[in-house]
Amino acid sequence: MIQPVITLTTDFGLSDHYAGTMKGVILGIAPAAQIVDITHEVAPFEILDGAYTIAQAYRYFPKRTIHVIVVDPGVGTERRPILAEAAGQYFIAPDNGVLTMIYEREKHKVRVIQNERFFLKNRSTTFHGRDIFAPSAAWLARGTRPSMFGNLINGYAQLGLLKPQRMGKRIWSGTVLKADRFGNLITNFPIADFADIRGRAFEMQVGLRLVDRLCSNYAQAAPGELFAIVGSSGYIEVSVNQGSAAKQLGAGAGAPVELTLY
Amino acid sequence: MIQPVITLTTDFGLSDHYAGTMKGVILGIAPAAQIVDITHEVAPFEILDGAYTIAQAYRYFPKRTIHVIVVDPGVGTERRPILAEAAGQYFIAPDNGVLTMIYEREKHKVRVIQNERFFLKNRSTTFHGRDIFAPSAAWLARGTRPSMFGNLINGYAQLGLLKPQRMGKRIWSGTVLKADRFGNLITNFPIADFADIRGRAFEMQVGLRLVDRLCSNYAQAAPGELFAIVGSSGYIEVSVNQGSAAKQLGAGAGAPVELTLY
Amino acid sequence: MIQPVITLTTDFGLSDHYAGTMKGVILGIAPAAQIVDITHEVAPFEILDGAYTIAQAYRYFPKRTIHVIVVDPGVGTERRPILAEAAGQYFIAPDNGVLTMIYEREKHKVRVIQNERFFLKNRSTTFHGRDIFAPSAAWLARGTRPSMFGNLINGYAQLGLLKPQRMGKRIWSGTVLKADRFGNLITNFPIADFADIRGRAFEMQVGLRLVDRLCSNYAQAAPGELFAIVGSSGYIEVSVNQGSAAKQLGAGAGAPVELTLY
């Protein structure tokens, strides 16, 4: 028997019991589940950071994986819990746009999770990760059909403008999606849409600095040199060999990026 | 066959090999064990933080789960390793009070772990997590009977005064048990004992600030507003919507809290 | 059926999707694998820190465990991926010396990993943990013979001078391998080679301070007192009871250590 895989992506951090408690709930319902942490260090309340993280990871998981994403500033309000199906996998999350990048890339259908028999009893208004999302994922892992959780819906929440906007013939305006642990600045310029960067002169402005070199690996640049690179993310990234572009540029998630192709 | 669940709660952090090495020891003895991290970020040497963490998590784990708690400033001294049974689960820890909140809530019995055949050979005086606690948990997971580990004892260590003290007709004096990742201040006022807060006027003083509003979810408050809430912990918590009460009040674990009910 | 154990030791941190994505790749190929994190907090690009970490952990894992170590400043260059066999276990890593301490302790053989059929398609130049190391480990866990990955090689990379050097009749010069979470300074003086420290007067200089007391556990020292101890690492460590030797001495990995035995 294959163990169903359940992944967790949250902003709960690792210094509290929160992530561990969710795992207890899951294993109480679905003892054979294989639980995998994507990260619990999504920036607190940052829905875009969560959206980017799960969008990077899901493609590498097997079919039928159940992804639980809890970045949920609206916990306890009327925002709905949802169950999305896309790419042969499942996504359980609050309906706040954290699945936007999945919706953009994959055919999908979305249900509201409304069948309270899959929730914990005595649920809190502040920890739906434990009380709603974890048990729903576990029941799904045990074989509960998605339709049992609730009805298909349209009009689920989506984040706006995740793609660069064309500002002129040769100019696009975008943003930094994430500064990673190494200080790489991951922009929202998909390499698939901007493959021209490989053959043409370009300038990418981030903060006060211009980047005009594309390297094919980190070591190609001199230590400390700033350059663009086709990252493992599928986006153009701005990096420094053995250093932090984020620190060198004083830039992070949300910083504007301007690309000019010559 | 159900895999036995073994949880880990330690102050070892995640930047060393310590937690991983404990898992190697466990899997060498009990290959089918399902190991779950509660947290390894208990504040170093803070027994109360460990006590709070495991007390929050255990209830959500299945029967027969084995919880290993290693917050152990006395490692290598005469303090005893113990095995407690409570709520149909097992708790392996140093006898330093880290299980106090379990003892307070559940019928329990406690044994000293003294059978050295379950320890690693050549054990160190500084890493009993690896040398004593992990292998004991693994042998228990394999089906060793608790009585094989050692005799029942009384007089095991307990932390004092974990509950608020009544200071006057309407006044109780308590403390902050924990500041969580989001800056929520979790007090030691159990909502079960102070349910009146839901219907009556109250003032809760933390640091130099008075809190007199009870919200039922975070979003009910204005951004930046300080309020009390019935937390997922079962305690009254002091929070700020999309902000950190800990930072706003300059308060953390151990800070005094005074509650007046009108 | 025993689940094959795959461990991960990286400098990827826990705030990105990187470690989680590697696990997705592994479970897609080897669904029964039991994945264990040693740590993802190796200091970025610090090969010696990675070398120390895996050398501390591997001995405690069962035979046939597959250890994946990704501390890889040369990712995307000509540095080779390798598969080492030692101590009945497997080690998959970049050929940059991160396995030096394994080579020093164990009989071993080393292969280059060159069979691209075990890699992900469309691999990046910046994330070989996902594209090369994780899938290779998973195929090995599924039973692929090591010889299928590539040929045995000599001349694999090794870090120099990991052992203390004798500077005079009674004087050795060494270094700090690691400052751990608790501020313990783990030196490169193996207790096996310097057992005399137990019976003889000695002075160990770290930073500007001299340590001349050996304690057998932390609590033997007064709070705040600096002392040497035979650590769980098998090395002489410099510690402070309930304090941080690293902070007190302003020392960390790489700091010089001088030992005089009288």
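Order as written gives the chain letters A, B and C; numbering starts at 1 within each chain.
As a convention for this text, contacts are C-beta pairs under 8 Å (C-beta built on N, C-alpha and C of every residue); 3 or more make two chains touch, one makes a residue touch a chain.
Everything numeric here is computed off the predicted structure, so don't read it as measured data.
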Self-contact between copies subunit A and subunit B, residue sets same or different by half: different
Rigid-body rotation angle, subunit C and subunit A, from Cα fit (steps of 5°): 120
Distance from subunit B to subunit A - Cα centre to Cα centre, in angstrom: 31
Touching two or more other chains - residue numbers and ranges from subunit B: 14
Subunit A partner contacts - residues on subunit B that touch it in the complex: 2-3, 5, 7, 9, 14, 34, 36-42, 53-54, 56-58, 60-62, 65, 178, 180-182, 216-220, 229-232, 237, 242
Subunit A residues within the subunit B interface of the complex: 12-21, 23-25, 27-28, 31-32, 35, 44-45, 73-77, 124-127, 130-131
